[in-house]
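Note that the chains take the letters A, B, C, D, E, F, G, H, I, J, K and L in the order they are written out, and that residue 1 is the start of every chain.
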């Protein structure tokens, strides 16, 4: 089983800025934790981070040739990108949406996800542990297909 | 570690009606699965189901004397109960909101959760497996407090 | 043929208060009239009134084991209860929604029924006679199934 | 007792098109059924169908000289015609609004009736049987005046 | 100088129904009053009443060959007819919109006139005297062209 | 008969600025025209102009001791002043609202008048002649009381 | 004079949780203070607290047989319960709505009270002293009837 | 192949008024151009223009007995007629919606077409050439059925 | 203790107009009643009434040099004055908002108070007695500071 | 004559996924069809596809040096890109917007095109044939300039 | 060059209250700073502060006789005064709108400026330095006219 | 002191297209003017222009290592980019938003800036001089930190 993990804009700054909102852990450290859990479940992971909407669309467009599932934190594009939504909808493999913070506790415009209605499901608000739960959900859902 | 699992209105019918939406598993069978996972993590579980908003408020009002965390599927009350929201906000222990179906794929009025802004986080859309992920999130969050 | 008649909150006050809106007839007198019509059509009736949302959900949850149809006046819960809506949607037997007053002539927030989209149909505005029409509709629909 | 039955735009096509929504019965067959019920209650019926908003306004404008009540299915004009609403409001005899389908189960723009707040009451969702119930309501209401 | 006076749907019922809203005067009596005022100002009047949106559009479409101005009470079509609005906008002669009642005191949906933005001006709320003021405005405006 | 004519903010600039919108006539010239018409009808006029909301409220508050009617062009306060609205509503004499330009042809925020629902009626869009029509309406309405 | 004091959901937790919002005083202590003030005014008090919407509706439904007025803090049901609103509207005795916190300083959804339009009046924002003011208002209003 | 071309209200005025918006060509001249293109494609055309909503509904109601497709410019009814929408939806042959001007460049209320969601497709903004494109689309679509 | 009592626009008319809404008591009589209650509590009162938004802002701007609290009935400015809101927010002493009528029973635009979110609390709906309750609230709150 | 054909995000997947929505034809095949039609009209075509908003803005920014017209299917960016809208508005050559599916039949957020108000015109809903119609429109419009 | 500087309601309190929002500098000190900058640019300044909307309208109404530009901080009237907006729109000299705080970071109702669409431009969020930037903008714009 | 100047999509076209809206000056010429002003204040400038949202996010993500402040004209992304907003919010150095045109005078959708609530302040409407004012604001704010 092979899973693609996509991180959207500004997440390269994790652990460096606004630590009170997003926690002190860097993206690299989170990825390491995910690899450990994936190992226990015999799953392989590929990581991709980009600030460019188009690159994420490119990546998703090519995903179902090589992966069984996608875990994605679309960050700011969650609320504005119809293009990523369409790319997710075009995939035949399950896509799991994750968020570090509880988006329903934040500004009004972050309460609405364009991705959620086309994703398999959503995990939100458990800090870095949201990625672990999202990964487990991906493995579970892909395994049951 | 002791965790309270609350199920809201009509969930006593799980596995008996509308199986295409909610799956074929009964609440009893889901509870059994949760107990197995809780056992592996050395956590105890108590289960409570009610169709009455007031009873759920009563239960939550007494919860932080005896529990380390709550996992709740508020079902229909997710979208209408300010009373349950206030009861959740009054608790000092983490409350995890779970949904069997992806509520963002359903009718407009189910897209807005009154509980989410005061919960720790939300898991939605993974069928009965949402309960397992919610339980793991509860154990993880309560363990880190 | 057996039909369950459910009356929601404050309808126990019928004929006692606000007679200009709801008429001078008590619920008991209306029930007697319904029994007479049911008798002519060889249908049996059970009556249930409650001010508690949860009790109505309980009652509906158990209804399709024993009844061929339900006639319900959800009163105030018409506009606020997603829980009753879900309980109605989960039933395999026809549910007929009735209102004594014409809800479209009253305050704005009474114009929207959460129950209507999942009910078989709606009868509104004919005073106590709405119950008779609702009963006829229930017998007719259940008879054609 | 004399009752006018008005059918709005496209209802001349009943039983010919979109049978899955409106049923297989033609307007003529429905009218025959109504006549039978009216006969039992010693009521006379006149039928009028038009696709023209203005003609329906004309008809309603002249109705209370000759009729004791009106049963109307305004079809598409339910949602757009202030002119028909005003004509109904100007009548001193009861007007009963009926709909074949449950309008609250259909597109958003069909949920709002301009006629309902000025009609005596509304019957919606029982197929051709909505006409029979509407007729009974008309006879009952006119008889009590 | 020749002026066309157009009355929309249900105004044929003036003085016969809902006298508390529209006054006790019939359209015929109002027309007679208008003729007297027109006479003093050496203006001729033609009257036209119709419940049909299309007929009013036809009439307006032909108006600027024979008239110097139009006085129109579009009644219910005030709020729904883009066709009459377009017909008014296509005219080169001034069109004066009049209303017997104060439309801003009535239901919400009567507050918005589709005709007002393309008319010369609007007179509303003076009972039958609104027609006299509208007529004076028409004569004055046409005389200044 | 005695009538008070009130002009709101910026109308002291009439005939001096934005002549393409409001015409070339000064307020003084318009007042002279109104006096001539009032003379023919044996009515006396008092004029009051102010840019101050509070002063207009003061004036209206004292008006029904000395006047039979009020003609008011509330200008910008038309759309924002609940205080003037309340002062108008408190008067027992008829208040006529006039506007030089057609307010429904202008910016969106000018389409809504707070005064209209409590005024006797409204005249809008006939340039300076709106004042003459408003005066006639005031004399007519006050004379019929 | 006899007055019923009703407290809605979660108010049994007063003085135990979220003290920064609701103050440090328990419901029992507040009740004692109310009794003292009532004593000075020769009024008797009965207290009722419930987390159940239906129980509050039951209580109100029976209130006007035994009481001269009601003081109610509907808490979360303020914003969601049409059933309690209907029960209040059905009473012939004055009902006074009180709130400990200033509900207009809190979340958007707490700004709208369904109860206020059918209550005698509202007191909000003075901490526990809101109950004393509400009690005085009840005694004053009931005494003047 | 036989195609019906329907033109809605005010289009009889094409080439006569508001030429800057709708062009200088009359409807007759446009029809001649359409006939030439139809001739090349071996298609026959019938033309129908009406200012009456009801007549257009009638025409559409009878269309699929005699035609392979419909090209319609509903003009003002585009935005207001649920009746025409329903008539279009009831047809089994393709209906092509055309507009001379770009309706999305015009007033807000012209941006929403009630017809578009039930038409085969829409062509808007190419002046008289919109008719030619609409005709080609009609022939193409009907030919592929 | 010294308290400032401010009354907004049109309240100088109390007891003279619209007595059915605002009662028969004049402002002078209400002030006398307030003085009596203030005397019992050893508080001094100053009264200020103005129809001018700017004067009320001036008065509030100078208030905290000389007073311990303010009782204000902003009347119409309740719903429109951001300037008074800002002046209230700038004060360090408690400000109590009072209303004679129950503003939630009146027109829609009176349901929203701009002052409430920055005031200490609000009393509404008890007629002239609202002033007494507001005064008690002011003395209580200022005494506890 | 030289025309630029731009395809937005995910259109590289045409004919590979969601064939029920977008048809079975690949972008390459569609381009070939367009070339054939262009050949008959003596027009040259250049093709450009990108998932990147910025690249499409770059391309449009340079377009009017080398092309007579642009045919663009902005796909998901239709609804979110003000940047592409501004780039289109800045061009002096006609831009034709095309859509394979009928965007007005799909989700609410796809009904609003940001591009349409600045484009020459729009063709929507004819499957791959939309491109052919768009091309004909481009050639026709550019030829008439 | 002569420039008028207008300050709206509550700005006389600058430096005295809510220093965390508006800074510690008084209006007098800010004016002194502006005079120094104006001196360097050979411009003269006049200052005007008022809490009265009408006085500001008066001042603006007379401004273009004596000044080359206006710098205005309308404070609370920014969001409510159509009268000030109209006065600004009537001026032929440039008007620059300035705000001390960033109004887009504050309450929702402060995000919308009625003045901005008729002003030359807006400067917001730089504390007292906003006045200096506004002054420079005024000198620059007036100098280029 | 070192300042980064960022220009968003289509601004590379400045001085080449739509000169009536954006002026005749090219971006290069504006940059030269900024350099001159920066020189006088001993500040260094770096310039960056891109049509790509992701590149602007990248640039901002790396900005606070090397700069004291940022001046940004986000152009079309002002209204659509949550990603740029998040990147601005993550910076510890002041960010100044500038606009050439007065965005509040343009289309409705340009009135709302997503960037403004997280920027230090905004300058809008002074043509190319907006950049000079923004630069002065940046130097001033960064100098005071």
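In this text, contacts are C-beta pairs under 8 Å (C-beta built on N, C-alpha and C of every residue); 3 or more make two chains touch, one makes a residue touch a chain.
What you are looking at is a predicted structure, and each value in this text was computed from that prediction instead of being measured.
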{"item": "Lowest number of touching-chain links that must be crossed from subunit A to subunit I", "value": "3"}
{"item": "Chains touching both subunit E and subunit F, listed by label", "value": "none"}
{"item": "C-alpha-based rotation, subunit B on subunit H, 0 to 180 degrees, nearest 5", "value": "120"}
{"item": "Repeat of interface E-F, chosen from F-K, C-G or C-D - more than half of residue-number contact pairs shared", "value": "C-D"}
{"item": "Subunit G against subunit C, contact positions shared by both copies (same if over half, else different)", "value": "different"}
{"item": "Interchain centroid distance [CA atoms averaged], subunit E/subunit I, Å", "value": "48"}
{"item": "Subunit D and subunit E: spacing of chain centres that average the CA atoms, whole Å", "value": "31"}
{"item": "Junction residues of subunit J, two or more chains touched", "value": "52-55, 80"}
{"item": "Chains grouped in pairs wherever the two touch, ordered by label", "value": "A-B, A-J, A-L, B-C, B-G, C-D, C-G, D-E, D-H, E-F, E-H, F-I, F-K, G-I, H-J, I-K, J-L, K-L"}
{"item": "Subunit F to subunit K touching residues, read off their complex", "value": "8-10, 12-13, 17-18, 50-55, 75-77, 79-80, 109"}
{"item": "Interfacial residue positions of subunit E with respect to subunit H in the complex", "value": "52-55, 57-58, 61, 80-83, 85-87, 89-90"}
{"item": "Residue ranges of subunit C touching subunit D (in the complex, touch as defined)", "value": "102, 104-105, 111-113, 116-117, 119-126, 129-130, 133, 136-137, 140-141"}
